[in-house]
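Structure in structure tokens, see below.
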């Protein structure tokens, strides 16, 4: 018997529709579970107080600050490097063997799993350079890890700036650098910002690379050389060691909500860019 | 500003930017150098075969075999692919071919948000929901190849979806219009024209998804059970290369630590090969 | 954007420095401690109490494992290393202080009716020859045994004190801390594992071994044999700040605290 | 006659393709010189040599000489940025920068290091007046330049070029997309400007060349076919090709 193609078509449409909504449903379920289980233990004071008894009681203030410090530091290190690389690739050189090599480097870095970053950061920053488990070791490791994201998104954003704007600027007697700073970067800013926000999200959610480089001290890091704990690491330890499921859920809630907020903001910014150029 | 200083300034800026651009290469070099320097000596000392094909891992007693972990890494990767790829491809096809503009505006970002959820959260939910489910309704302890594959299958979804979506979207409109004009239904067009044209991108999305699965650590440690044997069934626990490193790094010293770096060398090699294949596949498309 | 971020960072730093938690950091009394994940929770607790009494002190406690702690102590990156295993010959240049004894208990799920195991049965389970609860007089169900990872002090002690030369089977599940072993046992009714005595609470139940209950009494009168010391290690004789903390740990308050946590103090007051 | 720009046997190749073939041409000071010819005739290539925007193209080979005030400008040691401040360019499509009217015009002066508000105010007003735009925008200088109409945008671009206080102004088909009224305004502005500047106007519109230019050059396939005073070219061309082009037989 031949099946009517129209019937197949309708069937497939519904099946694929189901798949798409099932997948979105996964996201909703994950967020929902975290929210329902976490909300009762999550309050402002939870976010602003210090943990007691390894996190069994009290709040997660040092973990929040550790996360903020780590993310801020790695962005401060990675943005000039990444943006500089993107500017070099788009404005200062033509496609050549050299750019192929650089791109190969960036792509490879992007593909390396976080545990390898953890291994490298541990042996290089923590041990060989003697930085110990510290905010600095963690931030430098994270810097390398988020670099490819920043380079790629900045490059895309810079490439999207119309060539004519550069021509005009040059015709008015601007040097390459003046053109880049005054014309190209302002137009590419939203796209670059998107990359930075996605990177922040990555740094906030990372565990494997952080735990072996920044350590897991529950204290608030008071200097670059102090060890500290990010929310993700704190959550991992709480959940894995079964210290307190309530606190684990509450931490997960803060963690997931902040990451979602950062990501949504990033997409919003990106859409504005797309709207602007199309 | 005189023109001479302007020229000089430009030259300095270009040089600084060049240095910045090479930082990625430098970092890549450093990562390889340090992992290799720490990991390779053991290959000399214990022998390549006894590490890569060795069945027994007892580093404090001088056994450094990671063959079961290599096998396990591949098992979970394929498991993840079996679970994640059909679902991901279905989503990508729906998004690219069927979804309306409004639907897309909601679905696309929602699906990409899945990528933002930290891996520890996936692992946590895996331990709390998937592991007990398997223990109670399927069998075994629950910490298993099956649980790991499910968790990783969900985790690779965003990679599979976004890359194969891009591949499908880059198929020229005229292909679709041509097929539709000849009286094909939407699905016939998609199945016979669009998907074959986007084939290499779809393949690349699966390879990159594999890369993600091979490299995942924390979620795997939490649900895999970490036993050292090659699993005999999908319900047996297993240990991947990544979890071997993360489980023991904090305790290891001397040869034991070197053994973990050797594990890192093998992991890094697998990842580089996968990335190479993904690149080859993508480039082939560009040339075509 | 960068400027904004830096500004935000600075504000946060300023806010952080104003908070009570880091005030001590500007003072001189900082003691860094790292090592065994088994000793860590208790040290953390001792540090918390010590810092309440002596607000000018800052005690940084890190886990990382016995070996890492010993290495860190040799490199002088920390003042005190924590170890839950005896020192190896090349590590013996460190000074060791036993702060308490710890029993290792076999734990099962509270619903598990098996209440006693012989040493030999435990060996059989962990060497992979005894695989079903049926053989221990319970249901026909595979035993989900959990061990610790290679290199762990607790595993070292378990191998030495329980396994008696027999090897732990490759098919046994592995977890990388006392807490995570306990977590598996607490959630899986068919699981069995071994944890530090101080970790036991009502979510898991400890079985008797050859009829002996793992309690402080039995350890003190040497009936319960699976016991190992918790060590603090220093590189040379400890100086003022480090000494002050160690003195506190060995004081009545410190030892009582350890006792309350289920450990066996080395001094009786 | 006072020569401002001189080319000598100027030949430009893009790969194997010859865009200019041995062009010899003198452009006079304080006059408007029109370049005309069909697409691909080489007139825009010549423009991009004068302001060295050709540097942004790949695979270019140049032979022969090009000088301004007797000074060679093709050498590698030439200060290109300085040159572009002496040679202003207005492109075929209006290309305002995505910023305000004021900032568009102040862009060039600021690059030169003029940052004082009162100086910039003067320059902006003067340039806008010269470009016959002042009366239309004087009350909304801080509005985005993208909000102006096409004709206004092109005059803004002219004003922006004038703000550089250049010696030479190159206009590369500046009126191709504009309505007759805007075109007339630009031509009006140019007529005033030639007192102080040397102007080159590239156009496909032969009538515009006839109206606005003192001299006219006809290019075809990279060759300078004919160059003379506008009147002569339009009334009595020496070459048949020129006559055909002017009469619209090809182009």
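Per-chain numbering from 1; labels A, B, C and D assigned in written order.
The rule is short, and it goes like this: a contact is a pair of C-beta atoms (placed from the backbone, for glycine too) under 8 Å apart; a residue touches a chain by one contact, two chains touch by 3 or more.
All values reported here derive from a predicted model rather than from experimental measurement.
Participant: State the pair of chains with the top count of C-beta pairs in contact.
Facilitator: Greatest number of C-beta pairs in contact occurs for A-B.
Participant: On a CA-centroid basis, which chain has its centre farthest from chain D's?
Facilitator: Comparing chain centres, C lies farthest from chain D.
Participant: Using mean Cα positions, find the chain sitting nearest the overall protein centre.
Facilitator: That would be A.
Participant: What whole-Å value do you get for the distance between chain A and chain C if each is reduced to the mean of its CA atoms?
Facilitator: 34
Participant: Find the geometric centre of each of chain B and chain D from their Cα atoms only, then give the gap between the two centres in Å, rounded to an integer.
Facilitator: Computed value for the inter-centroid distance: 55 Å.
Participant: In angstrom, rounded to a whole number, how far apart do the mean CA points of chain C and chain D lie?
Facilitator: That pair's centroid distance is 81 Å.
Participant: Distance-wise, how many Å sit between the C-alpha centres of chain A and chain B, to the nearest whole number?
Facilitator: Centres of chain A and chain B (C-alpha means) sit 17 Å apart.
Participant: Two or more other chains touching the same residue: where does that happen in chain C?
Facilitator: In chain C, residues 63-64 touch at least two other chains, as defined above.
Participant: Check each residue of chain B and list the ones that touch at least two other chains.
Facilitator: 6, 127, 246, 250
Participant: List, in ascending order, every residue of chain D touching at least 2 other chains.
Facilitator: In chain D, the residues touching two or more other chains are 81-82.
Participant: Which bits of chain C are touching chain A when the two form their complex?
Facilitator: 1-2, 5-6, 8-9, 12, 16-17, 19, 21-22, 25-26, 34, 41, 44-45, 48, 58, 60-64, 77, 177-180, 182-183, 186, 203
Participant: How about chain A: which of its residues touch chain C in the complex?
Facilitator: 50, 52-54, 61-62, 65, 68-69, 72-73, 75-76, 79-80, 130, 132-133, 189, 192-193, 196, 215-220, 222-223, 226-227, 237, 240-243
Participant: Enumerate the contact residues on chain B facing chain A in the complex.
Facilitator: 6, 9-10, 13-14, 16-18, 20-25, 27-28, 30-31, 34-35, 38, 87-88, 90-91, 93-95, 98-99, 107, 109-114, 116-122, 124-125, 127, 129, 154, 157, 161, 184-188, 208, 211, 214-218, 222, 242, 245-246, 249-250, 260-261, 264, 267-268, 271-272, 274-275, 279
Participant: Give the list of chain C residues in touch with chain B in this complex.
Facilitator: 37, 63-68, 70-71, 142, 144, 149-152, 167, 169-176, 184, 187-188, 190-191
Participant: Sort out for me which residues of chain B touch chain C in the complex.
Facilitator: For this pair, the touching residues of chain B are 56-60, 68, 127, 131-132, 135, 140-143, 221, 225-229, 236-237, 239, 246-248, 250-253, 256.
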